[in-house]
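Here subunit A shows up in two complexes: once beside subunit B, once beside subunit C.
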Partner chain A sequence: MTDSTPHGMHEGPAVGQDEWVARHAERRIMPSGPLGTIEDRIRRVPWWAWLILFLAAASTLPAFSSSGYVRYVAFSTVLYMLLALGLNVVVGWGGLLDLGFVAFYGIGAYAYAILDSDKFGIHLPTLVSLPLIVVVGAIVGFLLGLPSRRLTGDYLAIVTLFFLQLFQTITTNGDDAFGHNVTGGPNGILRIDPFHLGKHDLVVQHQGIFAVSYFYVALAFFAVVFVALRFVNQSRTGRAWRSQREDPLAAEAMGMPVNWLKLMSFSFGAAVAALTGTLFAAQAASVFPLTFYFVLLIIVYTMVILGGSGSQAGVVAGALIVSPLLELLRDPGKSRVIFFVGLVGGLLLMSRRSRALGMVAIATLAFGFAVHETLGAIDKSWIAGEHQGGFAGVTDHWVVAPAHLARWIAPTSYIGLIAVVLLVTLVRGRTRLVLLVPTLYLAAFVWENVMLAKPEPARYIVLGVILIALMILRPNGLLGERRVEIV
Partner chain B sequence: MDTFLQLTVDALTLGSVYALIALGYTLVYGVLKLLNFAHGDVFMVGSFIGFGVLQLLGGTSKPVVPVWLLLVLMVLAAMVGCAVLGVVIERFAYRPLRDAPRIAPLISALGVSFFLANSMQLLFGATPRNYNIFDLANASLYTNGFNIGNVHVALLRIITVVSAFVLMVLLWLLVNRTRTGKAMRATSYDREAAAMMGIDIDKVIVFTFVLGSALAGAGGVLQSLRVPTTVAIGFVVGLKGFTAAVIGGIGSIPGAMAGGLILGFAESFSQGYISTKWSDLIVFSILIAFMIFRPQGLLGRADIRKV
Partner chain C sequence: MSILALKGVSLSFGGLKVVDSLDLQVNEGEIVSVIGPNGAGKTTLFNLITGIYRPDEGEITLDDQSIVGLQPHVISQRGVSRTFQTLRLFLNMSVKENVMAAAYGHTRAGVFRSMLRTPGMRREEREIEQLAQERLAFFGKRLMGYRWDQPAYSLSYANRRRLEIARATATNPRILLLDEPAAGMNPSETHEITELIGELRTEGGYTILVIEHDMHVVEGISDRVVALDHGVKIAEGSFDAVATNEKVVEAYLGLQTAATK
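Let's turn to the complex of A and B:
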């Protein structure tokens, strides 16, 4: 249900949909006025038109930027989109918590590295190794699903998470597997072949900068995977997946092979991940164990959850948001801009509901200037910190930034910030608004002084917060439809 | 024979810490039916609290209090700190999702785990912290102890095992001999019925998190007495902990203790006799074997689903 667009419902509920459920979707939308008409028009655009539009827009990107970095980020964003599509099959459609997903990505990458590199002197043609690796990925996924098939989601989560750990163990210690060096251990496998057709190599770097060819190959992979999965989802299998996700017992009573369906969604996801892995390995020309670990898992999960698990367009949007966001957060100057944009944007969104939030924004500004001036008057060194990058001028006069942080400040302010944020969620009404003023200022202080100094944990903290907040505030993500509970 | 004894001693130390972690998983799973992925990271925070207290009290070279008091204070502080952390996590990350589909709190738990690990890295960096217990009172925690044949059992290991078992016995008494324990068991058996009988479910759940997290905190300190700790240990430790809980039968308290010990023995013996590198593989095989042949674990109840 999550993925069917409402326009299909004018001819009555789609197969497998209850009348009440179908009407629920209609009731919820109710387009009215000129804006509503536009919204309705947009909703009527078929999915393939969106896809073509997106691909066309994406393929013009190299025309706008010749920077190798931008192209590389675009390429890795497409990789993330592929991964999100694959994970969506398992989590969104199959309803299974697969925490070993990135291990299949790693399996694809390592398999390609072994089949196409100097490591063993094997150089299979790309057109042979790709299908082979996809099949291997699907089979490994199937095998991993086997022991967990009778068990509930929690057990599957454990087995798959352990599988991820096992993948780490094997790749890290695979330089001495019974005396053979198979995976290169922590040093990984280097000098992997690029994709090649006959004698023609698809080069990664062209005159020292990242060549766009891989970006286009990735886009092509994405288009194929997107369409293929779309068709699978609209087939009997797709409907069966969704029904067993909503109620395995009822699905089984209706004669659906629930275990088989679970295994299938599992190996579909694994196959997509393995395919993406080959692309990664061919482009990076080297693979290391730690690339495929918990951090990557959380990143892909955040994309799927943020976009709305179950909706293909949603998870793609999730990847499109999260991947550039993570890149921008690496740079302190851009990171500051993101923070303030996010803050102002959040306030604006909320102040549609209550005008008081506008007051909060003004009060926070005033509060900030007051604190800045007061502390500056007491001791110049409190505000002597240097700002660089975007919005530096603005923050020079607003955020307190000592030249040197005393050791106790970082933990105290960070933990204090968590405490007040949690407190804000507990209180209601005017107290909340009043409390919001120092909270926002403290957030700015912590961001400027604690988080910007260490981008690596800071950007992952942002991901963790997004995950928790989303699950609580909007578990259906941006584009996923809220599940209808039928009691 | 000496190797065997030495490995047994290792297994007991390792296993008793695993059991402490497994208990946290099992307790929470019992009342909430939730795999608390953040539990390993609570353990990690506990080990850092222990380190902080150790530094506050003068470090291992010049402690300002007697050694026994130092150890007790470290463990107690970690237990209290982690209990508070556990309650906060429950209140803000799990309670709003209590009636959501089951996958929702699991994902929230992943988020909490990631958040905790990275927050600790933000504040304290990624460098390993070594308690340097060897420096404490002229290494007396290592040199004292007793010998079985040629194998020396260090006082440190005795302290670890004994305190873990004391905590477990206390927990067992608490769950089986007190009114609160009875409420916990009732909630675990049937939450709705327990609520109808006048049990304050929220209180029971908070109390469960207090217990589980305090045990994790104690485990964190006990473990770090021997092994340096980093902000990244939560993941692997948590994985081992809930493997132990599953092997023993998730939801069962004696099961978690048994599972922890089994895991300790499996790991220690496979490292000693087969290979240090592949012990994870062996533990994983045991887990898979349990999944296939005895999914309810050693001491767990078979899950009978009412339709």
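Let's turn to the complex of A and C:
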């Protein structure tokens, strides 16, 4: 850094000078031709154009599918997007590890259930109850923040986790709160009103099929929340949030009231979650305590981390990937398609980096056929198992599937797979590549014979594997900015 | 007229007296240097003034009003700003945002106005941006143009020091506390910083209290020098007077050397 003439005119980029850095864009390696032009154009599209494009694309969904199930999944995906946006305020911008987040979602849902159902005979107009519940959510968030505002990191995580447990305890035992039945206990609250404007109900089901109106309402909520949060992030409050995330002491010394900012960040996240809760309650028409528990918390966190905490587009993308994925993994047939497409796609993507991985893919394929034929020649029953759903034709000749799975095979192969995967991470070079071949095949075997038999736990294992793989390849999430801790 | 005054300020960490009944006055428009060996309590002095530590005893006044017990952000809003010896930038935010964030204390737009982007909020936002550009322009071309939108972690060490000063000035302070602004800089950069501190006073109009180890810098900028050792003020006065003061030489070089000198 020896720029002796800071005020002088610059002529050409010189190595070691600021100018050289200034023109880094010119030196960036870009794909030439039309592909490069497209990439360049895409980079210049402003955020609101993406948002409008996304909303337009999403709102045409009902035209493509009249299935109530698909519409319902789309609706719940939007709910997840809202939750991810809310959590992003606390975790991504505020830098606060809030493990009680879904309790606010529950508070929103329960508040709506109490204010708009036969439970207490209160039927507030939606236009009154919604703002009221958002305010209640924000206030409870603020109150939780009060004792926790001096805590950071793991201490805060434990306190907020305790809050989630508290919410569980209160809702589960709320059927006898000082002698009154408030929350219905484990049986929850049933027959909750749908959203209603005047005398018109926004019906949940239309002729037995999920009414698409809730999807649109959710989408509208999403658009409003997205824009509002974006504007806040680009204001003095947003900058202060991120400043205190980066360095609380410096932020405080630069005139930012750190404690107050933390409380606000908690409040904002809670308000968004409560708003989402009302949507959930109005659509589901019933609320139960266990809906708002660890599984949901983990799913929402997965979305935020996978997409890139701190980036709004990122967390939305995370929700868009994880929510449909979890639905698809319920069905063994679709689940298999995802597994093999993921495996082959992953290998193809990686093979761009190293040719050797392409060879591994081919070798695995050959290995599979060889094992299949050999075992088939020894005993027909070892390959007589039925494959169902997508790709069944192909996998029939490739993956070994015994007609009757001996009791010892499932645990042995599963634990064996974990052991081999760990071994792969320990060895280097050619050994690793060679070892990858049986590992991949074993993975396919376990998937076909063990995991597909139990789709419910399997889908969370898949989610975990995706999360681990992504954290290795892109520690900041799909669309997250590069982050540094200490330089 | 004194802007900042400390009277009999003491602070202990357990049994260790870090600052011991310290008196200090900084007058409007002055540049005062604080020197002293490592562990003399210089940075602790800054932490006391900015409210990060609360003194056990004594009084700290800004414009004759006590600031003891106020929260650091309130003290900052009253007109005291600082840089840190160990740089504490908001590394994952852009260069411009680092400076804009520091305008928080003297801007007003609340969250609801921000959500609605009211005309008043947008006007204020433009003013903040202008302020940031102005403050960054103070350093010539070093922090200008394309650098604005780059994350702070991409800056070189010297530029990070400059950015910290730019950020500190964005709080619109009256008195600036600079904690070793020339630490880790090469000779030409050190020279540049020396001139810059002078400019901060003449052009920015700030009163400056500076901790510095580099005696050339101290000689070049100071109206007055205060020497600390073990939390006690051992000398005060012009650079020449303090530099030749027996106690100061002793504190830096040891008793024997002082005797033979």
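Methods note: the second predicted complex is superposed on the first by the 439 of 487 C-alpha atoms of A that agree within 3 Å, B and C clash if a C-alpha of one lies under 4 Å from a C-alpha of the other, contacts with A are read in each partner's own complex, and residues count from 1 in each chain.
To be clear about the criterion, contacts are C-beta pairs under 8 Å (C-beta built on N, C-alpha and C of every residue); 3 or more make two chains touch, one makes a residue touch a chain.
Owing to the predicted nature of the structure, the values given are computational and were not obtained by experimental measurement.
Trainee: Would you sort A:252 into first (subunit B), second (subunit C), both or neither based on which partner it touches?
Mentor: second
Trainee: Given the touch rule stated above, what does A:231 touch, subunit B (first), subunit C (second), both, or neither?
Mentor: In the superposition, A:231 contacts subunit C only.
Trainee: Considering only the touch criterion stated at the top, classify A:69 as touching first (subunit B), second (subunit C), both, or neither.
Mentor: A:69 contacts neither subunit B nor subunit C.
Trainee: According to the stated criteria, A:48 is in contact with first (subunit B), second (subunit C), both, or neither; which is it?
Mentor: neither
Trainee: A:264 contacts which: subunit B (first), subunit C (second), both, neither?
Mentor: second
Trainee: Tell me the contact category for A:120 with respect to subunit B and subunit C: first, second, both or neither.
Mentor: So A:120 meets neither subunit B nor subunit C here.
Trainee: For the overlaid complexes, name the partner, subunit B or subunit C, with more touching residues on subunit A.
Mentor: Of subunit B and subunit C, B contacts more residues of subunit A.
Trainee: Which of the two partners, first being subunit B and second being subunit C, lies in contact with A:369: first, second, both, or neither?
Mentor: It touches nothing on subunit B or subunit C.
Trainee: Once the shared chain is lined up, is A:242 touching subunit B (first), subunit C (second), both, or neither of them?
Mentor: A:242: touches subunit C, not subunit B.
Trainee: For subunit A, give the residues common to its interface with subunit B and its interface with subunit C.
Mentor: 249, 483
Trainee: Would you tell me which residues of subunit C are touching subunit A in their complex?
Mentor: These residues of subunit C touch subunit A: 50, 52, 71-73, 76-77, 81-82, 84, 88-93, 97, 100-107, 109-111, 114-117, 121, 124-125, 128, 139-142, 145-147, 151, 153, 156, 158-159, 167-168, 170-171, 188-189.
Trainee: Spell out the part of subunit B that touches subunit A in their complex, as residue ranges.
Mentor: The touching residues are 29, 33, 35, 88, 91-93, 96-97, 100-108, 110-116, 118-119, 121-124, 235-236, 239, 242-243, 246, 277-278, 280-281, 284, 287-288, 291-292, 295, 303, 307.
Trainee: For subunit A, which residues are in contact with subunit C within the complex?
Mentor: These residues of subunit A touch subunit C: 1-4, 6-7, 18, 21-22, 228, 231-232, 234-240, 242-243, 246-247, 249-258, 264, 268, 481-484, 487.
Trainee: For the complex, which residues does subunit A have touching subunit B?
Mentor: So the residues of subunit A touching subunit B come out as 91, 95, 97, 99, 147-148, 150-155, 157-159, 161-163, 165-166, 169-170, 173, 176, 249, 294, 298, 301, 305, 410-411, 414, 418, 422, 425, 450-451, 454, 456-458, 460-461, 463-468, 471-472, 475, 483.
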